[in-house]
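There's a structure below that I have some questions on.
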Amino acid sequence: MQRPSGRQADQMRPVTLTRHYTKHAEGSVLVEFGDTKVICTASVEAGVPRFLRGSGQGWITAEYGMLPRSTGSRMQREANKGKQGGRTLEIQRLIGRSLRAAVDLKTLGENTIYFDCDVIQADGGTRTASITGACVALVDALRSMKKRGAIKQIPPVQMIAALSVGIYQGVPVMDLDYPEDSAADTDLNVVMTDKGGFIEVQGTAEAAPFHAEELNAMLELARQGIEQLFVAQQAALVD
Amino acid sequence: MQRPSGRQADQMRPVTLTRHYTKHAEGSVLVEFGDTKVICTASVEAGVPRFLRGSGQGWITAEYGMLPRSTGSRMQREANKGKQGGRTLEIQRLIGRSLRAAVDLKTLGENTIYFDCDVIQADGGTRTASITGACVALVDALRSMKKRGAIKQIPPVQMIAALSVGIYQGVPVMDLDYPEDSAADTDLNVVMTDKGGFIEVQGTAEAAPFHAEELNAMLELARQGIEQLFVAQQAALVD
Amino acid sequence: MQRPSGRQADQMRPVTLTRHYTKHAEGSVLVEFGDTKVICTASVEAGVPRFLRGSGQGWITAEYGMLPRSTGSRMQREANKGKQGGRTLEIQRLIGRSLRAAVDLKTLGENTIYFDCDVIQADGGTRTASITGACVALVDALRSMKKRGAIKQIPPVQMIAALSVGIYQGVPVMDLDYPEDSAADTDLNVVMTDKGGFIEVQGTAEAAPFHAEELNAMLELARQGIEQLFVAQQAALVD
Amino acid sequence: MQRPSGRQADQMRPVTLTRHYTKHAEGSVLVEFGDTKVICTASVEAGVPRFLRGSGQGWITAEYGMLPRSTGSRMQREANKGKQGGRTLEIQRLIGRSLRAAVDLKTLGENTIYFDCDVIQADGGTRTASITGACVALVDALRSMKKRGAIKQIPPVQMIAALSVGIYQGVPVMDLDYPEDSAADTDLNVVMTDKGGFIEVQGTAEAAPFHAEELNAMLELARQGIEQLFVAQQAALVD
Amino acid sequence: MQRPSGRQADQMRPVTLTRHYTKHAEGSVLVEFGDTKVICTASVEAGVPRFLRGSGQGWITAEYGMLPRSTGSRMQREANKGKQGGRTLEIQRLIGRSLRAAVDLKTLGENTIYFDCDVIQADGGTRTASITGACVALVDALRSMKKRGAIKQIPPVQMIAALSVGIYQGVPVMDLDYPEDSAADTDLNVVMTDKGGFIEVQGTAEAAPFHAEELNAMLELARQGIEQLFVAQQAALVD
Amino acid sequence: MQRPSGRQADQMRPVTLTRHYTKHAEGSVLVEFGDTKVICTASVEAGVPRFLRGSGQGWITAEYGMLPRSTGSRMQREANKGKQGGRTLEIQRLIGRSLRAAVDLKTLGENTIYFDCDVIQADGGTRTASITGACVALVDALRSMKKRGAIKQIPPVQMIAALSVGIYQGVPVMDLDYPEDSAADTDLNVVMTDKGGFIEVQGTAEAAPFHAEELNAMLELARQGIEQLFVAQQAALVD
């Protein structure tokens, strides 16, 4: 088995997390998994959706988008089409659910944190990069809330990170890029906490069905890669 | 641990599959998992989407909907709202992907099979019931295509079925109903082939993160339940 | 003249009204006029539209839909299209108007009853079947409101029922099915009260214009058929 | 009984039909029924909808709109709302059906005539005024088609006209204006041919149900009024 | 240089401003610049958009539309398309901005004036005719507000008017009609106050870029033409 | 007069043009005017819109968007809202028109160049920065077309650039940033060619009307600034 990129089966692409990437948002991170580049912003607003009003608790939600030419051939702009596609909605629901697992919503007061994950260049793994970058933006957003007095103290954050793994030409490989993703037998997206628990596990057989042992091999690979992501997040946050 | 329904942890709800439920569709199955009731129709049309024209191969796609009062409180009708929600799109993408794994699209000629899974009463597990029922409708649709000469012979079908399992009050349980689904710690939807392979595995931590051993316990439970679904499908098909 | 179904000119299809068809709605009726099958639910919610707030009176409204494969060839799902078609809107306005004639809105308090009429199998006469079934669901909804204390007593209900009649091959016939409806010279939908008054009369010349005497013959035929519908409604309600 | 306008029960409002009201359309008529003013244009385009291609026959369709301040209080512009309301769609379907009864579509060749009926001032009866005015625009459009060689000869036109009648304070009255329409017990829209046949009869009980004798009285009143409309159409067409 | 209409380079088309054109609106003006005809209504409603609530000041906004057959070939109705096009939005933003310059919004109390400019016949210059006509409707609306007591006194109005000029076959010309507009090298829309100040200047090179001296020649021509428009507005208002 | 940024009246913000900013597009430029940052991509596709098919000529069009948190407070995502706002449409029409002036469409063959200008950080002048950056992306796109054989030779490009100027506290100033734009008396956007001609001139009085001499002073200031932009474009293109 030869990966198109020449990487080892258990080798991730270079990961960078650039904080304060844009100036307006309470948290703003450019996350790069190789050639995949996503701007993740966290915007804090007073108030919560109707179903939480008066509850004293906060809310976290996420939106995801791709610039029309973030991809190899230009996609139609969703704002022009007049609706977000199924893939977009599926991804932003995943991002939102994952981030809600990172912090106890009761500690936020009646504030909402909106995450916007906008892909400026896509090369596979945009949803997992988004989650990984957004969790760093979350920390900055909480710090900003504390500074502005929106919360009295920064609540504990359960760091989360995400990675896609798969079976490529019969071999479990870490951190699929686009050429691998298109050709993989199986694709597995894993979201974990830095204590080693799973938040989401989404596996899809693209070609042949997969079996329990393959699933477990992929989960182990994901675990190893995500550990590296936690290191990268911590490094970014101490800067 | 006491399940709200009084069922055993590894006990499914009664499953029924009623073929020829409505008269117009090439395949039409009412699937019931306890109080969850879904009408699954398969509609065959000549022609394929643009990206497959001239390829000689067929296409399978699915749509999902809930009647406004299939649920405990009335939901707004999506046709009236002017768009399908994220949950709807996520589910119908899952159904379509799963059914495309059941048959080699090359054997269909340039025909499209549309699956419509419409929930008339919801009590948890609507997406897994939909997949299980739609696969039976697929077989009827293929028989109808053969009869009408749209295909020369019925291609081999890899039967698929789906079940939701979860961790409820710390215990892995089979076939979540709505009260369990709302309160579960973890929710796992599994789609399998009758040869024992996984097509989709989608696990979500609702409360606390879950771990590999819990995942494996849930997968095993799912495997056991889905075996029963294959028996029910076969029984329905020999009628 | 020979009707495609072999029925007499003044013969209706078998009519069944199945109450409590689904479990969540305050009223839930499966109505069948031969092969035409419609699920009619009545959902009660506290509150009224803005223009009635503070008036102390209630509101009744209706929505109508067809499952994509309720018909001979699959129709595009309106939720997917992003809008309800003109025929759908026309029918649901008719259903709503008709049901508002069945009960004095002042007796409902500031509550709204939503009717959802969803066609699961179509063979002509779906709008008239919907009205006939929904009026039974209305009675169940009022009983449920009384039980829950939303109203102090069940207000008087003016039963309404509806039937389509037409001129087929020059002869007035009762209860058009789809083959007749497609070929009829004239199509007349009639909504009546059980005291013999008209709520709606909608006649359309499909081929040649029609005249007063034909209109009167059709109205008389409608009156006869609708009397049978009132009997069926009463029978269903005493069960 | 005293009509708000002081008119006799069987008295219409002054009717005017101004041809060539705007310069671009093949037919363009300003129709006035008292203070109700509608611009009716007929636009001819080569080609027919997909379902008629290759059939050699033509098509007629209609759209209806109201300027936002054609009414007593401003209505939201439908173009801004992003959809046409149910009343609009219902009315334009009625106009289209009615005009398709005026001419044999086979005589039009594969051409489409689009009618646009835009209400610039509303005072009741806009749908019936629209039909009456559009039928005059149809004649002009056919003359223009002949002139341009789109058809070899002008096909026979079955003139149609429409009027609303109703029961106001217990008395059948002709040509309801807005104050009467709002207060009427029953409202009946009638579309007829100049040979005395009915194309459409749409009666709605607004307050109490109505009976056969009332219906017949209203139909007779409509017949008398519509005869006057045919005279006005003929007068306009000989100018 | 010969203008298609035979007009002199500095000659406007005949301008008419007909007040009270329709009866419901607080201000209603038919404005004609030659064959361009626009109905401009001003509708007054109590209340202001959310961002102004409690400010004590009023708001002015505008919408623009074209009847489908106001033009040489029929355009699709925007209400049917489900959205207003870019040109429509651009024009109505310009009209709204211009009218907000005519009166101090603080003098209106918390009332909103909606302008609707609907083109019934188009021959170039519809946006400038709209602004010119709407400013007259504004005066009538203010008078009506005073009469109804919505404001205590009529605030001072800075009259505004607008004209399009251009370079046609190398020569600056006034008041472009449609044939000129389609063929012009440059098109300039100018909105001015009757004190000689500019509110908007929008110039577009259609063929070749234009230069400062050409711009100044066009602005001078616009100034001359707009002076005539102010005379026409005053004449209309004294009637 | 003191500018909020401390700049001189005739001083631009630092301008950078980074080519090859993302890897997929035929042209991809990050343009920065101070804190305003826009990604401009040019995407080349074979084929032209319907109205140009068979003409042998090409087409250029543009879309514009802002990331939700490119601004001081988060804006709703247009893809989520289901439509692009009036401001967005107005800006993208301006960008498209401007770029069509840069190259003779006949030299492109039947190819379309789509420009996407996506604002990742906004601080005033996003539309003028977009035009300036997109024109550089155009040159790269043409080079790529030549390389791939889509065109035989690179056609002459008329470089264009754009700048906003305004009157701030009574003084004409160059290159408005957001604080100035919000407070300016007059705002003027100017698009020019490198030969000194105007492509677009759009001036808006925000507070008081402006006069010819002010317009001329602003135009002169724009001319000076745009000359600097042409230098920056040339420098970027020789790298």
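Brief remarks follow.
By written order: A, B, C, D, E and F. Residues from 1 in each chain.
Keep in mind that, in the parts below, a contact is a pair of C-beta atoms (placed from the backbone, for glycine too) under 8 Å apart; a residue touches a chain by one contact, two chains touch by 3 or more.
If you're wondering where the values come from, they're calculated on a predicted model, not measured in any experiment.
Separation of subunit B from subunit C in touch steps, taking the shortest path, is 1. Listed by label, the chains that touch subunit C and also subunit D number zero. Centre-to-centre separation of subunit E and subunit F, using mean CA positions: 28 Å. If you average the CA atoms of subunit A and of subunit C, the two centres end up 50 Å from each other.
The distance from the centre of subunit D to the centre of subunit E, each centre being the mean of the chain's C-alpha atoms, comes to 32 Å.
Each of residues 82-83 in subunit A touches at least two other chains. Around the ring, the chains sit in the order C, D, E, F, A, B, counting from subunit C and moving first to subunit D.
Residue ranges on subunit D touching subunit C, taken from their complex, read 83, 85-87, 89-90, 92-93, 97, 101, 192-193, 195-205, 208-212, 215-216, 219. The touching residues of subunit C, counted against subunit B in their complex, run 22-25, 28, 35, 37, 39, 41, 43, 45, 63, 65, 67-74, 77-84, 88, 114, 116, 118, 120-122.
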